[in-house]
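One chain, chain A, appears in both complexes that follow, with chain B as partner in the first and chain C in the second.
Entry: the complex of A and B
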């Protein structure tokens, strides 16, 4: 209870145990209860929304981390593979890459299913396997050249349709014409499944391969590297410039109309829609400076422009939070203004500045809109090796997969969202950890 | 701690400096353009990257119009080599190209795409005439010989054979090539059957186009963005709604949605290929001839795209929902690609 002088005078006359006072007290408690109820229900609503969003993502996405494989006996026919020079590794690899693995697969399939002779049926049978199955066979040969000419069991990657069937995402009950997989194909899968040849395992390739048009082959590695390179550029540009401007504006700049104007503009920029920064990036970095389209360098510069206001504002707040007594003490001991700032104020505000910067970077990590304008929203398979090469970013990968017609991309989209969320949680967790570890309480 | 931090920062900047190679000549094909052609173009790009020693081309989905804009900015490494389009290049775009020095453009037709009207399997299959589509979606329509703002609220007001359900159509926004083609093929197709409209066409061509192509804005037509998966999801949730999108999305989702019959023919692979289904268009890509031989792999990309492995009856593009050219058409296109015959 806050006591104003009026109340002090009144206290003398009030009988605290009177009915009137009791009912007043009651009504105050009731109001508090109502307030608490509303506060708690809004919190509950927020939590429910979060649970629904996360739940639906995890429900659809978790199966994206598994893949279906079918074990087949593959006869590595010498007449098809030709004479491979096993002693010259380089030449050997080159010849294996050029070998007609498709024919090996087809002839092995025909051995397993001798009743399949029609060309279209052979095609249908082959469609049970991913194009990545050929890579699996190649890997077997490369790992151990001595198997050439023999029949070996190989775990082949199944096609997305088979994968969806096994995971129950394609219903068997609907008419044949309405699904992507025919009755005959389902019968083959069941036959293989009953023989114990169909297995499900963890989808490592999701983490180590690049984008693909085939859902079962698509992965997030190149997008992750793209995001990393982009954020690196963003950090290297935005952090020094942002902190520098914050120090100047907070500690050195005179307070006049000009600095007021600058401050208003910075606050304004923080609220500008991110697509506008994309347009700016397109105009300046690509059309004027002629930097390459789709490069993480351009993406990083554009996102740096977007992150700058956030970093400046949070850094200024952190600098402001350092008590004046520290500054006064330093100046009192003869430190110059610059020494005061760099020896005392800046180190003490560093946890706050880093927290703000990391949150700004996390924002940049989740951004797609500005990247559309500068060409990073594109189908890019190869992993970028430098910040000048074409690349995409994680949220862009999510956006592109969400737009793909193939059913198999549904779970991949959610799986990629889960990975992106994991990165965001790590970054924000790092921000909290830094703050708690280094923050000084006054 | 902060001294170490400084060292780390210096370390990171050194690493990043080493990451910047000197800008080399581009050795990767760059493709832009239509989002409808994107799934096919990327499938070819991926296979091309896998089966040749060239780098996998970078494919951007910018929309047909956006693609031409980028394509026509000039000749040189900074500009794209190929642009995909779900409609033919306009003469204004050829002029823009010519103005910026892009003279020889090779047009490659790759196949057909049906634009389908579809609804949830839970509802009955719809059976439209082109006239019905225009009457349901146009801003102004012909009633009793007069042109009035669209008064229709339910389908059976237009055609008694259609169900008594609210007109609710989810379709692409104006920026989309699919919308352009839908307006041209379905709406104009229905619109021009009215003698009143024919009369206007003779007098005022612009008014005619506006009347036939303008879609109503009173909520019956809902722009659902470029994401066709979103439309499919909404159709599932709302059996009363009808969606407009490309054939490949119908093919991938035929277990939950069904294509409506238009002018007596259903949107099936065969009907679109045989051109019996009316609302279908050609898909193209355009190659900058000046870049062939400069950017490595363009010719090889063309032959991969037009190979039997991709375009044939069992090719992977047919699997993705592209309706292929007839064998005579394909033979002709192959000659064009071989000789790189430019547009006139």
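Entry: the complex of A and C
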């Protein structure tokens, strides 16, 4: 402290109440305010982004859960249906499936709109209804064969364009050539609507049917099953291997080169882009081992390799959190190291391990790029029955629909995203619940 | 004679030996468990596992080598004529034969070979089947035979488990090796057709190779510079958005916010981090891109509907939570004494943050930014859905650019002929992507390790 005299002189010269110092202080406080404002608005911007993302999904997607139906009086003409063998159920179903329902629909429509005679107009009228409308009529016949020959009111599924018009997603103001529904069709829809025949209801088929080229018929069931099978494979592979290597690295690994190499590799794999895992899956599982393309098995294997680092890292943290006193007590009572780990440390760290694994699974559920690489992007209507059958997955379904130019798929995409997000929230909620319920503070 | 059946039989054998050995261990000491070295279950497991492992090894050899073994025998049966066929035709012939066996339909001339195929594959299956079960029983029986109260079967069992756990850990290494080699091999095949210099320095990317020689406009150019530039452009936009916002939100949450705000904001950011990238891609294409295009139109600007800006902004939003949580971690590690010292000297909170805390947390922050950059470079879905397909060499964020990941997806979706330069180029791009992200992660790690301030 040889220079204190100088310093003393320097400080002594400062008059804190001078105008100069006051304005300096003012500017410092101003800076403080500005910085704090910027920091706060950054956080607000991040949260606003979240609101925009979720808000636009909900806004476009909530209407995807409703469908539009038009009630029509359908005359189940015996001359068109032919003689149906009502006593032999199997033969009956076969004949109904082959019956010309389209003609029934057309003739009933002509009865409702007698002024429509031109062939092209009849087709335009028919296009108000979805191809699924024929299934609706078939279901009525199958449910109660006695209605054959009578006229019954049936709620027919409207086509996607009518659906969009009713929901206001197709504007009436744009010129006729730019919209997918003609002025004439709009007039018919309005006529039906004024007669109270157009109704909107909950779209159950969205949850129970598979993909379709028609937006009003497309559903997420097969994609959900595909995702489930994929995740099942992922879990069955990644969980035992992940927990096993976490136990080895945390409890048994000697400090040597091999252990270091393993740790470096795990950390690197955690940061490898997911699409690279897709390339790996394509090159190894499909081209080399010749596993079936687009199968949940391959998707699950690929995602398992991808989630492995997450599970290992979180499991290690959970194992590390078990206090040494527990291990020492077990060893003191004569348990071997292996028994200590499997009888005491592992059960105690299980909540943490499960939490980490569920979070890893949630990541895998939302992953799209690797699945595209291994060919799970095909147009697949059928629900996969096993892990070897071609299938698609929820996020890939979102991607496929988002790519589709049809206006009707837009709300379906958002609706599918809402379902996907719901699954993710459930999984993460489960993880949080597990952590809070079972986690011990030592 | 399927592998599954054999596997189930092996499990059954394991169970049998488990129970026999467990009971026998107790019989050996007349029920006096104290005289045994290990617990009866250890003896049981030890015999069971000893019987299972050799049988399982033979099962795996069978499953792996079955096809190549049968093919080799078939080729020798088909004679020298077949052996001189080109590999492609030979494979087709073998496929025809196995199809004939499976379906019973096909060229009648193949019937003789199909018969041979059937007998040979049956013989091979039977021999492996019996060998597997036999070895399994012998090995299990030997363990039973050698069993005595002094045998330390627990140590034996624990060694096996330890080896198994080690094998699990080594899968991480195998995966890395698998990635490197699968990318490398396909890339080498690609570079056989296209020179490395063209790939690295070429400025024209149009991967459609001609199927017919006289086809127009499909010369096939594999200059990857536009792709790297496009990736860089979108990454820079994303980092310009996410860097400041992520870092400042972390600072706000760690230094300014009270407990209540933190408790609300942190989970919200975690939700942002948990949203699947395909959702971000949808938002980019549905909301952000049209918004930017329309805003540009207001000012008379011509903005592509697949502009780099839209993809970059949304990607920025995606990596905000990554940057903020990583920076939050490093900021909260800065010891409280530094904060108090600075505040005690009269510095404002902002001065403390900018002149004391940030310099001390700088290595961690830089590491976080690098990790985020590597994430942005490797991100696929957002750019696939919101960025363009045409490889424009530009640094104008209002134009459409394409990226490495977009091209990988485009090259590998749909029908493809695997050996063409077009598909192989995807692996070369993947290799470049892998090493770029690896290098960024390594640098981040080194910076954090080397420049970290130690306070203890």
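Assume the second predicted complex is superposed on the first by the 399 of 442 C-alpha atoms of A that agree within 3 Å, B and C clash if a C-alpha of one lies under 4 Å from a C-alpha of the other, contacts with A are read in each partner's own complex, and residues count from 1 in each chain.
Heads up, the rule we're going with is that contacts are C-beta pairs under 8 Å (C-beta built on N, C-alpha and C of every residue); 3 or more make two chains touch, one makes a residue touch a chain.
Remember, it's a predicted structure, so these values are computed and weren't measured experimentally.
*Asks:* Once chain A of both complexes is superposed, is A:323 in touch with chain B (first), chain C (second), both, or neither?
*Replies:* The answer is neither, since A:323 touches no partner chain.
*Asks:* Which partner does A:171 contact after superposing on A: first (chain B), second (chain C), both, neither?
*Replies:* First partner only, chain B.
*Asks:* Taking the superposition as given, does A:438 touch the first partner, chain B, the second, chain C, both, or neither?
*Replies:* first
*Asks:* So, A:265: does it touch chain B (first), chain C (second), both, or neither?
*Replies:* After superposing on A, A:265 lies in contact with chain C but is clear of chain B.
*Asks:* Taking the superposition as given, does A:366 touch the first partner, chain B, the second, chain C, both, or neither?
*Replies:* second
*Asks:* Touch test for A:201: chain B only (first), chain C only (second), both, or neither?
*Replies:* After superposing on A, A:201 lies clear of both chain B and chain C.
*Asks:* Should A:377 be classified as contacting the first partner (chain B), the second (chain C), both, or neither?
*Replies:* both
*Asks:* According to the contact criterion defined above, which of chain B and chain C contacts more residues of chain A?
*Replies:* Of chain B and chain C, more residues of chain A lie in contact with C.
*Asks:* If we overlay the two complexes on their shared chain A, which of chain B and chain C does A:395 touch? Say first, second, both or neither.
*Replies:* Once the two structures are laid over each other on A, A:395 reaches chain C alone.
*Asks:* Kindly list the residues of chain A that each of chain B and chain C touches, one partner per complex.
*Replies:* 375, 377, 402-403
*Asks:* Which residues of chain C touch chain A in the complex?
*Replies:* 154, 158, 161-162, 164-166, 168-173, 175-176, 178-179, 182-183, 185-186, 244-249, 251-253, 255-257, 265, 268-269, 271-272, 274-283, 285-287, 317, 320-321, 324, 348-351, 353-354, 371, 374-375, 377-381, 384-385, 405, 408-409, 412-413, 418, 426-427, 430, 433-434, 437-438, 441, 445
*Asks:* Which bits of chain A are touching chain B when the two form their complex?
*Replies:* It is residues 120, 123, 127, 131, 170-171, 174, 177-180, 212-214, 229, 232-233, 235-236, 286, 290, 292-294, 297, 347, 350, 375, 377-382, 386-388, 390, 400, 402-407, 438 of chain A that touch chain B.
*Asks:* Taking the touch rule as given, give the residues of chain A at its contact with chain C in the complex, in rising order.
*Replies:* 28-29, 31-32, 35-36, 38-40, 42-43, 45-47, 49-50, 52-53, 56-57, 60, 240-242, 244-245, 247-249, 252-253, 261-262, 265-269, 271-277, 279-280, 282-284, 287-288, 305, 308-309, 312, 336-338, 362, 365-369, 372-373, 375, 377, 395-396, 398-399, 402-403, 410, 413-414, 417, 420-421, 424, 428
*Asks:* In the complex of these two chains, what residues of chain B are touching chain A?
*Replies:* Listed in rising order, the residues are 1-2, 5, 12-13, 16, 19-21, 23, 26, 28, 30, 35, 38-39, 41-43, 45-47, 49-50, 55-56, 58-61, 78, 121, 226-229, 248-249, 251-255, 314, 319-321.
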